[in-house]
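The first chain written gets the first letter, and so on, giving A, B and C; residue counts start at 1 in each chain.
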């Protein structure tokens, strides 16, 4: 009896089936310090316990992206160990704040399967929930991946393709803060909800180069064990000949760079969609730009911006590289990430 | 009067002498987060405070290997600054759990000396104790090293060679948990004590490449200051021409890889023996396999596996490389580590 | 309206003006663990909560250099984003201990300006204060930088050059500990105040090589975002063609190396002066030596040493490289750092 985990194959994903992912992980102040040191996160509500209290948080909390990576990391051994590609995210709800001392576990339900015409792979959709030690849902998102079949001869299942919203509706956003007492002098920007216009593009100017040690440390922090991120010897024979960087590293660094232009929009309320457009490797430099896709007034003090965050590599983010005229991705685009963030309204 | 520490030489190790090692170190949740991020540790009882409570622990605790590295690190400036080789470990007892807030200090007693026939070096045996802020012993182990003589002309001491057990007797194992309520769905494996057979070999499949920054950060975390790990300029003229990685980094990464196959055997109860067979350098990839050497029933709910953990580099651990027919080490073997671990019994 | 921060130029620095720097940062035990792991800090009062209590501290605290880097990091986006050179520090007062849970923010007042004769740059002096969540000043220091003018045609301001003391007067040192119960067996040295003589030079022997990942992680830990430290792509076209390491990394590593020779002088009381003499890059190895510049008796149990800490690269610190006969810097000198540190007196 082999005792090592061989991961699940396409045939193992039965619509309706729930997978309980090991291992639960307690988030500590040590995790938060590491997250900042690895990503450069400076958003004031995740940097200062005092600032956090001005918006009703109990103190230092985990950035929702940090919590997302922890939840995601748990799913890898069950969902994507045999994945060919990580195709996308949708309908990501941030439901509760994660504070130091909280223990996160993850469960996924299979909500869709569709075999590819080549008969060798298929697409699997799962809805993953992050759950705390009080059995409260802290987040929920849909992810779909292309997975190898164990046996090309096994029959194709009945296709089930979930109906996914292009974005979380503004009316469904929850957990947004009271921003009446927002300390603008401390936050790094005077810009409020009313200053941003739909269609506006913002270059985040700065670049950050990533090293092998950095992405490995970050990815282990989240207990994501996908071997493509760690096993240089094994990757020598792979398509790229080297380690691939976990896509979550790109998301978090791009978001941290977005401080420069979006300093008051530090709290993510929902993840609408996300695609890892091209792989990132050590020694590449990440730049980022954002586009305001939509706006919504959530309360008298708090608005939400729907933002497209685009990460590019080794190029000026002020060129706003995105898609070519034919709809294909422009060279160097790493990430297309669509989310809602809270931002104070004008007083 | 020179104020820098030149370390001890063979002549300084007098049997019976006790060395008090600076500096005590307080273990915090920050240390635990870093340990996970640097090693990839996923064993559930060291990952989740909630899981830990199910086996009677107060919450997140330090993995005994982490505590071992801290205690070991303290001894380096006194024991092995002038060491030629780190020869082995024996009779390692894990006596108490280390929780965040505990302060560890280390003391070593010289228990053996034997000059080598070349007259230039000798072997020194010490028993090192890790002690917490309540003066309780948290661990104890024997280590032996080959150390340079200060002066080849100094006379050889009377040889004293301690009698060391090949392994800690199962009857002497202590601190094993109550595993009745072990949450198998969260731990990453269904395999229990009864599923493992003496002689069984397990490939841990995954590989982890290590970078200079990673081993340096880990080694400083433990306050191990051996210059061979840090001083690239000084090492250029050395035998290998580059920095050597602290052997404890290999132990911890190999153990973390062993999660894949031994997920329920996360708690080390004793260290029976250990040899660093060959040096590891940055960019090498560590793989690991285990062999079940012995089994022991400790209680109705808890068994112990005596395991040989073998770390190899840049090769498939499923080949189980160990020793050649002539008893020499097979190529690429890094570590031979013999320990007892707790594992739940079948209900 | 551009929303990215372009930084301040020489014209923006008006004497008397105060800049409130985003973003406040809460220091946690996670930060302390990372600081140790990145610098190798072993001074007992910052390593052990128990040891700290023997000198009247509440437990584990931030090394004042760590707090300095946090305060400094906050100022970068406002003070030195367009800086040509970081010219020096002076009159650095360490006023209060920073404990985990404290939130630090930073403010700077412009205290001097002087346009350079080339009309393109000018020197700006600021006094920066680090302030905790109780609005208490935890430190204060003067720093001067050379900054680009926005427009070479703008008129030169009236020069204002502050009068800076060569060192903090011993009588002004504050916050020094009661050292009566100093646990010498644990601290790593028996040497006390009386053992050190003015003019004495100490080689700290050991070397530490620094990697890109290490300095980037450290610099982000302090939320210092200067692009020269992070943006390899952008730096390819720069004078050095690569990333420069934040000078604070050099200070902290050199200080950690100084443990070997100054183990009892772990607590910095004041920063008298500091110059980053030459740039450090990844793969360089830092060595350090110290010279006792002055001595002062602060109490019956505590003395202070005024120390020059010199960091050099890729050479034996026992050669005490400093200045050439003509007053220029000797090759390989990285840092000249002048400070006061507390040390126990003979009993």
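The rule is short, and it goes like this: contacts are C-beta pairs under 8 Å (C-beta built on N, C-alpha and C of every residue); 3 or more make two chains touch, one makes a residue touch a chain.
On a predicted model such as this, the values are computed, not experimentally measured, just so you know.
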- Message: Suppose you list every residue number at the chain B-chain C interface; are over half of them used by both chains (same) or under half (different)?
- Response: different
- Item | Turning angle required so that chain A lies on chain B, C-alpha fit (0 to 180°, nearest 5) | 120
- Item | Between chain B and chain C, centroid-to-centroid distance (C-alpha), Å | 36
- By the touch definition above, chain B meets two or more other chains at residues 28-31, 33-34, 211-214, 217
- Item | Residues of chain A touching chain B in the complex | 1, 3-5, 20, 22-26, 28-31, 33-34, 77, 100-101, 103, 105, 133, 211-214, 216-218, 220-221, 223, 225, 227, 230-234, 243
- Any idea which chain A residues touch chain C in the complex? 28-34, 36-40, 42-44, 47-51, 59-60, 185-189, 191, 195, 202-209, 211-214, 217, 260-263, 283-285, 314-315
